[in-house]
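We call the chains A, B, C, D, E and F, going by the order they appear; numbering starts again at 1 in every chain.
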């Protein structure tokens, strides 16, 4: 029934290749099916003004799509003079989600910026960015631990994200673009490794959803996040 | 236990005054406690380019805060050269939520723009904007029905929104600013009059939430939305 | 002869409601007929860079119109990426006018920002902003005096403004929108309580004016300002 | 008593050189003492959208200062991303003033843009721009008359402008920069050749003015404008 | 003597991987040593306004660097509100260079946009963008030829680019970043496959160059371009 | 054969008038035929952040065109919200070229900004800006030497620039606009007084060039630069 022939609760193949750029403190190329996102983590020994002298660090994120990552070419945001509303929403979500897995006192007064740049898009880019962004963050923090700049690990848990939705009347896991563009209801579910929730965003376009439906999607999401966490752990091992 | 002395499941006093500006096709001033939002609806007999010749109408929203609606003065977005990320997120949410209650074919090729301007802020401005924005929309549509420009009502249902969160370890309904700034978990719940959900946004800042906690908040939200719908209906009667 | 039926030298009804927002140090809603402007004054214990270490304070103003304050909806300046030329002109005028009534040495090195936001427009918004802005300023300064932060009053005099013009060949006081859009000559007259002038702006659109005509408008303006000063004094009493 | 040694009612030497650029339809370099402004008029056979199909033409103006036209270098507005408030105010004034001397029906549906670029500034640049701008406009219109594109002359009258102020307690004509930076009261007076007024802008900085003082300045302005009109007429003869 | 140990006339290893994104009509990832650029070509059946009804096509280019393509993180241009001067210079050069190899009449009224996004930078990104950009362009044109949309090939020749400079007093081919940041003289040489020149840009920073030195660099450039053309041909075969 | 009737190796008449504005530390109006550029040099006793505490000075340049310096009016960059790509390219070139003639250690930690504003354009504005900009720079540095702020001269050599191109199949010196708009190949050649090269930019539009052709243009450029250097020296004598 799904365009890709997947089962309702089946994720797309996940691959996470680490160390893909020589400059970044942490990096990976995450592939969730045909959605490919390059994630890098940059460490800076300073924090934004609102965190100065707080004794705490900061984790933030930026998101972008290459102009031809999509089926028809998008205008480059740099030529439009600003980031669009969707971009701003997504990068705020990525930053918020990653911070939820960080003990910012243990991180100390430094900032880690996670850049997520979509090389190829096929639905679910924000979830792939969070999942891959965490891997880049993990690798950058490992570097700080190895160098002795950090003594104790500030990462409390993995953070991973998956989308679920109601497609053709059925709850499905990990929507690809053909499903996403048709689904009446879809949501993004961001969780820690133990399934505790950090952020839930469900919305209906031309439809509504009931609490039982919401629960079905949450069940799928828990399954998906468990698989993503396993992939993350394999990648950073 | 709540700073305001309210019960855990008690809303702030709601007041919705309609017809507050002489120019707009629909308008109201909604007061949820000390949060005051002026909502206007503007009808235009044209749709944005992406909807032309679709036979469907469009409903969109814009959001703003007066510079001194908050405890310390905010810089005016017009002087900063752009709307901030938070503003963009909120106005997209308002527009999406209101569209969920509209039969856009029945609306015909016209656009209704709902402006929500916060006069005084005390937490929950986006929810108040959706709830009040629906009243302005309802009044503008009534005008089209009365004039004969519309034969059948394009509004499928009320749309209303409330925030709930976990404050001091307890699930509470309709957070005010002192609660909102302390709550580890909070969410915005947007529903139709019958309790079907349109959008759910829950997020944790320095905390996480479990599925039972999420369900408690949903219970509170259903109660709150029912009260808001009653206030809306009284206002437009 | 006037669309409103007023006498040539008759002002619109004035109402000034104070204390309309809980956050601002001073605030009022001024209504000059159907022109309604919300004015707030914000005190900050710092001055702009060009005034630092001068021993003097600063008073500045910002002006905005809600998108649907006008007959047809205006685009929100924040979405246009800048304040328009008219807005900039007006807010510079308001700031300059209010400063003329302030002893800036007595104010000390602090800044008061007066925000004037037009809720509903029917002509004369800049004059209403000055007149109402002064009330907000007065209330904020009273707070400083009461708290002991200021010992002597830095406000030298009331500042009030009124428009006059030549409408249908006749000099008229306090133009409303139907008059303003037809008047060949109109002007804004800003004065202290004693009638001394701070700023005069007269301009002709498709017409010219002679010195006798200018004098007739000044006579009307003196009468109008006296009435506005009485309303200001009543409001802040 | 004046820094320049001029009499109270004495203008700076005026020179108006025409035909200074080969591309523009009309051009002049106006020198009012050490204030030098290059004015060009450009004819386009189209009008802005708001004038289309109105049967009327449009005259507009733009103003700029070269970065080192002033004593210390100003930042170039093109690198700041926008025209400043002062620039916008001035160019709106120039356009409005010039339009007051034009029969826009006689002009027909075409636009004339007058660019006023300050090469060297020593006070009074906006008045010099209006006076010189009118010469450029006159020359461009002459070209249309000569070519037969226009049959009857759309220019009703000369338009010229001069500043006057109260300097060291005395009313003075045509303020230069040392006077302008000290004057408590100053004004710009824009008139037709016959002395009828188009626009009056008087403002006080740290002072006020009475009606008798205003009348003294108007007397001076009438004298100054008469001299400027004579210079304009000599230049275009 | 070179930091990399290369001979003076030795290029870095070149690799050109084609078909790297599923959406673009043509794409490649070019690697010149540690400089990696993703190039995509997008075909649109429309031309920019200045080419409409000219019977000719257009080829243009855009260039960007991922924030962490460099040793320290660069601010994202989309968040800065504009493309920087260096970016604009480079993308204009890429577009101009590629157009030199195109018969735009044969291309017909369509536009091909070549996007060059630097994934990892180690000197020579503009040259790699031109060389890789031509491959993406070639593949996109092949698609048009294969589909029958084009009958005759509009590509006249390969276009390739290489940098040369004077490093430590010696002329060297294909500068990497450590060389580029030290070289007193360096240049970019863009040529057709037959060695005819399209664009030459040589500049000295803290040094100058003579005509014999310029000729030595041109000799090196001819050698380098020949190798690049061979790599291009192998990649598109 | 040339539209102007000049010989192939004949420059346009050059005139350099110095001291044209009273405010700038150095200034000239350079006229290369009908191309007229006003150049000013401003000395500031501070350097940009990236040069602080380096013990070295900085020379930078900005470039602009008056709106009606060209045959049809150009939009003012200040109203477009940014400098265009061509402007940015040119001003970077001017700054780079002038710096090549400066010993920045001898200059000391101060900045000289050269502003080049095109009053009238007829081809070759960037070359005229460099040649005239050097004169303004020379005069400003002379002032520093005369005042004793500098002991030894930081200017190593004159810097001058000329364009050459292939027009109607022939190499020509100093292209004017009719030639420039037709030439298939053209270049800008920036040299020191002794003919050593600082920057070479050659590009082909709809054509290519061989090395012998490049050498012919270099021969012409050497001749042209020698004449420009003589004019510079005469002007500053």
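To be clear about the criterion, a residue touches a chain if its C-beta (ideal position, glycine included) is under 8 Å from a C-beta of that chain, and two chains touch if they have at least 3 such contacts.
Note that the structure is a prediction, hence the values are computed from the model and not measured.
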| item | value |
| --- | --- |
| Chains touching both chain D and chain E | F |
| Path length in the contact graph (chain A to chain E, fewest steps) | 1 |
| Minimum number of chain-to-chain touching steps separating chain E from chain F | 1 |
| Repeated interface matching A-E, over half of the contact pairs identical, chosen among D-F, E-F or C-D | D-F |
| Between chain F and chain A, distance of the C-alpha-averaged centres to the nearest whole Å | 51 |
| Whole-Å separation of chain centres (CA-atom averages), chain A against chain B | 28 |
| Numbers and ranges of chain F residues touching at least 2 other chains | 81-82 |
| Going round from chain C, first to chain D: chain order | C, D, F, E, A, B |
| Chain A residues within the chain E interface of the complex | 21-24, 27, 34, 38, 40, 42, 44, 62, 64, 66-71, 73, 76-83, 87, 113, 115, 117, 119-120 |
| Complex interface listing, chain C residues touching chain D | 82, 85, 88-89, 92, 96, 100, 187, 192, 196-206, 208-211, 214-215, 218 |
